[in-house]
Amino acid sequence: MLLAFDWTQLAQQIVIGLASGGVWATLAVALVLIYRSTGVVNFAQGEMAMFSTFIAWSLVDHGLSYWAAFLLTVAISFVGGVAIERAVIRPVERAPVLTVVIVTLGLFFLVNGAARWLWSPETRSLPNAFSTRPIEVAGVAFSIQDLGTIGVSLGAVALLWAFFRFTKLGLASRAAAVNPDASRLLGVRVSWMLALGWGLAAALGAVSGMLTAPALASFDQNLMQPVLLYAFAGAVLGGLDSPFGAVVGTLLLGVLINLVGTYVDWVGTSLRLPFALAVILGVLLVRPEGLFGHASARRV
Amino acid sequence: MKRKIYLSLCAACALVLVTVATGASTPGLTSSEILIGGTTPLSGPASAYQSVAKGAAAYFRYVNSKGGVNKRKIKYVYKDDGYDPSKTADRTRELVQQDKVFAIFNSLGTEHNLATRAYLNALKIPQLFVASGATTFGKDSKQYPWTIGYQPNYRAEGTIYGRYIAKTSPKARIGVLYQDDDYGKDLMAGLRNGLGKKAKLIVSKQGYDVTDPDVKSQVAKLKAAKVNTLMLFATPKFAIQSFVYASNLGWRPKAYVNAVSSAANIMGLATVAAGKKQTEGALSIVFLKDPTDTVWKKDAGVKLYRSIMKKFKGGNPNDVYAVYGMSVAHTFVAALKKAGKNPTRASIMRAATSLNVKNDPFLLPGMSVGTSGSDHFPLDQAKLQRYHAGHWVSFGGLFRVR
Amino acid sequence: MRRRALGIGLWLLLAALVLTVYVIAPRFVSDFHSRDLAQAGVFFIAIVGLNILTGYTGQISLGHGALMAVGGYTTAALAVHEHWRDVWTIPLAGLAAGIVGFLIGLPALRLSGIYLALATFAFAVAMPSLLRKFSGLTGGGQGLRLLEQAPLQVTGLSGTVTIFGHSLTQNHFLYYLTWAIGLVGFVIAWLILRGRLGRTFRAVRDSEVAAASAGVDLARAKTLAFAISGVYAGVAGALLAIQDEIVNPLSFSFLLSILLLVGAVVGGLGSLPGMVVGAFFVQYLPDLSTRVSSAPGVPDFVYGAAIIIVMILLPSGVGGLLGRLAEPLTTRLYTRP
């Protein structure tokens, strides 16, 4: 019976799942970044990433090579993220968390509207970052692009980790997130640390968009909406305060959705996502802080 | 079911009596103007289809610049429903009760037009040229005589593919990637219908939901089933993905692309991303002149289209949906002319169901817009076209399908 | 003593004012706009419920729109499959959504904050897919259309409705029905929140640990809050189905849950009167945004900007502002000099 089971098909579907999940991973890390420093889920993260993707497209359209456009877009997005934080988040810094959440929802509409206004709604495409030529190993096909996407996501997390661990600025940023009052006493510009966090998250979002668009072969203003959903779910699964957890969570989610779709017939096409979300919920009920998250002690 | 319809029509009569009793002259009609309205997704996920309304609006402005129809200018108002059927119902009621339009025209979406069909039929308001390929808008004309569709319906399209495959590739291994809703299922039903006895040539069916991130896994499964003829009953985003993922897997089946996803810019994106060889030889149906196809560069109809789009601000001229809009507007004008010097809602409905328009400059040569008592499908012809070296080239004769 | 009488007198005056506005408002707008007001009423009922859950009990819910779907579909399914008159389905719709709300509340016992938000968010995201799946009951992708499938169950099919001898247009009927239920719901919410249950809810919101150590049954309080908010959402959903005469999965997407949350926060969490403003904000702002310009993307841009500006200016929502404005009056009435 074991031999009759199509192991190649299973391996193929796992690989496909990892490739899909890899696309969401970078956005998930961006969500975690902002959540860790502000306790807020930035619902506009996906739309900001989409906007960055359009900027990249315009740059390529004007003749830049993919990687030149990539780096320039990341830089522009970083600045944009900082600007948004200063303009829109800072005024509500001291407001209740839900108020800030609503502000990010307002940003969602605003950025989406801006993208629709500045660029027409037709379908476009971004060139591939990596080669899509198929490579076959033991009957399982994948491409450099799949590997590259996961690689970039892991690389981004690694860079982020290194930044927070080994640089003075990173240390200050962590301190500001953990204990703003004490940090202020030590001379840390807490407010600007938040802006830094938003800038980095926006840069990560840009990377995410520029990887997603080629992976999905075409894009328009709706590009990141499903991705935000998957990134949020994957990040929660991994633990919302762990960037590494965000990557693992989204990869797992990708594999889960694919395997469910392939092997569980009664779930059917339309229930794949709800089923995956139900599984995440199940995990949370057993481990409420996610796979790699930290249980927070509650102050009375 | 029949009893329900009968009762609903009776109840509707009461509604009509109220309207008549209030002494209504024909709403939306003055000696110098006729007001028509519809709904269209100006915002939300389907907003790319808004050019259907914009193209039509530009055509009406063109007609008005030439004096209108029987000295009346056509005022066409379209409202945003965000692709949400309950908003469609709301906006349509607004058009009827507040704006007092003469007729509802060119509203987009299957569920959306279904949401307003009973209401409009009860009030005897024409629901003209619904922008949806669902078969019901022509098939159920006995229960809903005030509703009529326009484009070749999805089932008919699937039938054309089925018949063609049965005739030319009787040993094909067919795999279908379909959107798991009425649109995808309609195409599937048509395919089976067209294949007839050869329906068992379908060896694999993979559905997807619009909330799915991608169709990688479906494409992999179709390849694993050794499919050599791939039916893409999918919307543009997923159709492009199918070409690309198949190419990534080193798989090159013969592809049939449904009309919704066959626009030249979509195929262009797929060709760039998946490679020329992947899209070469793909088949689809066509009934409009695609403005980006160089084969129509010198065509009078396309030249007219471009000049109208430019002069009357119709939007992006390379958008084939705008051509659709102009074609349906052209047909409306024909129906309006036929409805007489003092059209009524009843007379325009009679005109719309007895059309015989042969000079639509935006449809393929030889196509006609035809309706009659037993045929409530204005467009039921199409040609097959093959994708070759970056262009669609039509071949063969005009299919007529019901 | 005199102060107390003055306080009661002012409340009665306010109540009389509200009732008067309720009764005569339709006269100042066109017949069709009464329907818009009725839809604002639907939002009002829904966000009062959301406020009880999120504003007063501190439980974040991103799934309120899905609870509305439960109510709306209960109404439509009862009308189409069981031939119930549309208005008589309202209590059952509320009950069904209340039960589902209770079930959603169960994970809340283990999860809090953002993790609870995900659980409710998952529910909201799953709802359209679930609705499409069980098509025998829900009509699948095409939804249920009352005019086609259950015309005899629609109140006001002929265009007019006769109540207590008065003849109303269908639009006016919908307005009066919705806001009558809205006002009753408001009073009930006010009574709940000012009593012991309300204090329990607020204790849970302010500090679960403190509440638990004071003997509050957290499980009971949270699930009750979810259930109550569910009932409100269900009734709102039922009224929406009655107004639109259709239900469709596309109408109950995640976007609806977002809009309700925006309405509740803009109106002011923890403030019931603010919910009126929240409801009108959600109902009329999209339309107004379109009026600024209908160029693609601009309405959304304006809408988003408006939300942001309101939140920056009024971080506690309109309710917070109302509270501050009324402060001189309430302090004078309710505190000793």
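For clarity, chains are labelled A, B and C in written order, and residue numbers in each chain start from 1.
Simple rule for what comes next: a contact is a pair of C-beta atoms (placed from the backbone, for glycine too) under 8 Å apart; a residue touches a chain by one contact, two chains touch by 3 or more.
All figures in this text were calculated on a predicted structure; none of them were measured in a lab.
With chains as nodes and touching pairs as edges, the resulting graph is complete, every pair of chains being joined.
Ranked by separation of Cα centres from chain A, the top chain is B.
With centres taken as mean Cα positions, chain C sits 33 Å from chain A.
Remark: chain A and chain B have CA centroids separated by 37 Å (rounded to whole angstrom). Touching two or more other chains at once are residues 43, 47, 50, 209, 211 of chain B. Along chain A, residues 116, 120-121, 268, 270, 273 each make contact with two or more other chains. Multi-chain contact residues, meaning those touching two or more other chains, occur in chain C at positions 125, 129, 132, 296, 299-300.
Within the complex formed with chain C, the residues of chain B that make contact are 4, 7-8, 11-12, 14-15, 18-19, 42-43, 47, 50, 80, 83-87, 89-90, 93-94, 97-98, 110-111, 114-115, 117-119, 122, 181-182, 209, 211.
Residue ranges of chain A in contact with chain C, taken from their complex: 35, 39, 41, 43, 88, 91-92, 94-96, 98-99, 101-103, 105-118, 120-121, 229, 232-233, 236, 240, 268, 270-271, 273-274, 277-278, 280-281, 284-285, 288-290, 298, 300. Residues 54, 60, 107, 110-112, 114-115, 117-119, 121-122, 125-126, 129-130, 132-133, 207-210, 258, 261-262, 265-266, 269, 295-308, 311-312, 315-317 of chain C touch chain A in their complex.
Of all residues in chain C, only 30-32, 35, 39, 125, 128-129, 132, 140-143, 145, 147-149, 151-152, 157-160, 171, 240, 244-248, 250-251, 253, 290, 294, 296, 299-300 touch chain B in the complex they form. Of all residues in chain A, only 9, 12-13, 16-17, 19-20, 23-24, 116, 120-125, 128, 132, 134, 136, 141, 143, 145, 214-218, 220, 222, 226-227, 230, 257-258, 261-262, 268-270, 272-273 touch chain B in the complex they form.
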